[in-house]
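In what follows, a structure is listed as structure tokens, so that the remarks can point back to it.
Chain naming follows the written order as A, B and C, and within any one chain the residues start at number 1.
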């Protein structure tokens, strides 16, 4: 059974200019010990989705309009702030994008980790300090006795992200949300941090929800993938399904835009998806991707596509899967041709 | 929302041409920076009210002394210390001068000191800060050290010393403010210029052969205008306030010339018997300062794109 | 940190020297002499007085003498209060101003910080509007208006409290309140802005994601960071308040250092003006210096970088 299941979640931001429908009916589930990657371009609602699960978005302006969030079978949408505080840090943890600004600059790092332990575990302060040092060793920081007394600004970005992870892991959470954990880091540090997250996931049988726009990261980490566009999940499935049998034109576009180092001969131009995502103040009536989709049909601007289940895990929302739709070349054929 | 099912028929499954996609329509109209600023300012109730108050004060100060039957400095020893009445709306002072006329004549002086006392320091600050930021190096270091030193100087004391030198008139007051008050805006402008001068739009212009002057006046200064305008709006009330303080201490405007501060100075001397002589100018001054302070806040909010939404 | 302190110290000394030199020559170029104002004195006596005080020597010689004496803490004698040294007068009047200043700070800081915090926590609610209104009014209504209003209500109309002189606790109530209102107003404003600024920082979200309660987040994470700009402003604020308010001392006839400065300027008592100016300068520079070091303690980022 899945540990976290999100069903038809809708989140809106109420601003003075109107309602922004940031998340428009998102569903996905994560299993224990597995990694789900949520992929999409900036502003597609992936961070909002995850922050809504932990209720980190302030209300107002953000409101959950509809949907349910099942954690171990219990719907937590209606949970009070007090109930959420018991879940945050203990059951769910979160790592943010920018380790430079995510740590409190005026508090020693040890204390920032310690805080989490004291809050959620019944330990004496001595034991908690011991655990803090254990956690720091676990994420690869040597000499925690000394290093726990340092302030965040004395650490590099990668080290700070390690501290963020140590902090997130301190109370043995069941789910780790990682919101673009490596985007702000340089490439060599990126892979170290990803390895660390993978190791910890295996060691503690933890579920990971990874937000990213980097498909390389997805390929390396994910068991399953949800592709988001303009506040909706357009395609979801196991990593194998999404990478090898993608069905949605947006997924094709994303996969096409990965630089292919294996077959590089310098002649292939890197394809981009032309255009920009729609304004979520007034989302289109039909498929949000229609305006940028090379295969768009009349139906696409008329109505939202229904979700089609291709297997137990693989679900796609696209009118191309309607039996009446013209057949288009599947992605892998297309890709081989271009190369 | 989009729950209702739309019936699709076969004809809907034909390819769309690019023109039919209606893709990148611009939903919100794009506006220029200053028009956007004006829209945000004028849709704010507090800003409109305080702007109106300021406008009323300015108009009354210009008009009343012209149309009043009394001269602001005409003594009339037959009618001294009279309370407000039909012939003297704000009453008269110890020398029988009409306070209605004097308050608005004083408004001219106070408001003028406010405006010029805000503009001149800002202008000096823009020039010095712009030079420091643009040329950098030794010039920048020297200017910044001078600013460091001047920031440690007790400002009020120095304004007073400079006024000993220049005299008591409005011009002396504005000159003193200009010499003492430019450091804040110089610092701001320098910071911004430093930030901007290596940005691509400036580099592009430089590569195309633009002169120093062109770069400074066409690119750098227009982009610092926002912060300077905010600073200026905020320092109008403090210039008016400082003038009042100086005059009350007997170091500013001297009778028979008048300003709100000078009226208050006389008012303080007599307020045990003739409270109106103090409270009328005090209320006018306070309302004006309040309006300017609120306006300054709103101008800042309206100019700061970070605070949009 | 040591290098940082040394650097600040050098700047401070230069500042004081520049200040003293500039004020000295500025005052020397002023028209008139202090004995003109006492119109009883004949021109011959005025000249005698000038040479007695060494005022007939070349400016530069006077400057060297003055600076030499200054190094020993000797600021010369007042012209107006004959036979009293400037230092004596400072020592007599400064404690009164500092006393008044401390009282007003003791009220102003806690109240201002509290109002600012409340306003930020209750953003957009009635309490916020009330605090913002208090602070805008406090900034806009000048202290002499507030002071004279208090005098009028509590002194003239009801006779509850004395409105002049400095002879005991009841005399200090009205001037203390008057002086503290400006502090309350500006602190409420700064603290509110600072709290809101910190609230948008990423580390506040981290703290929330840890499952900390509202109180823990505010006390451990928000307040300390929000205090940084307050501490930066502390130096000049404390210094100016302790040095006495020209207006409040004048209004309430308090024999503090501010009132003496105003009187010396009016009497063209140059040695007093110069001495007090230098004293104010040193005080302000010292306060800024101390705050810079304090700043390093509260914000660890400063300690290493400079």
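Please note the rule applied: contacts are C-beta pairs under 8 Å (C-beta built on N, C-alpha and C of every residue); 3 or more make two chains touch, one makes a residue touch a chain.
Predicted model, so just to flag it, every value in this text is computed and none were measured.
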A student comparing A-B to B-C should find more C-beta pairs in contact for B-C
Using C-alpha atoms only, the most centrally placed chain is B
Separation of the C-alpha centres, subunit A versus subunit C, in whole Å, is 53
Per the C-alpha centroid definition, the whole-Å distance linking subunit A and subunit B comes out as 48
Whole-angstrom distance, CA centroid of subunit B to CA centroid of subunit C, is 25
Touching subunit A in the complex, subunit C uses residues 201-203, 205-214, 216, 220-221, 224-225, 228, 298-301, 304
Subunit A residues touching subunit B in their complex are 15-17, 275-276, 279, 281-282, 285, 290-292, 295-304, 319, 322, 324-326
The subunit C residues in contact with subunit B across the complex are 11-12, 14-15, 18-19, 23, 26-27, 29-30, 136-137, 139-142, 144-145, 148-149, 151-152, 156, 240, 243, 246-247, 250-251, 261-262, 265-266, 268, 273, 276-277, 280-281, 284-285, 288
Contacts from subunit B onto subunit A in the complex sit at residues 2, 5-6, 8, 10-16, 20-24, 27-28, 309
Subunit C partner, complex, touching residues on subunit A are 54, 56, 81, 84-90, 92-94, 96, 98, 101-107, 115-116, 119-120, 151, 153-154, 164, 167-168
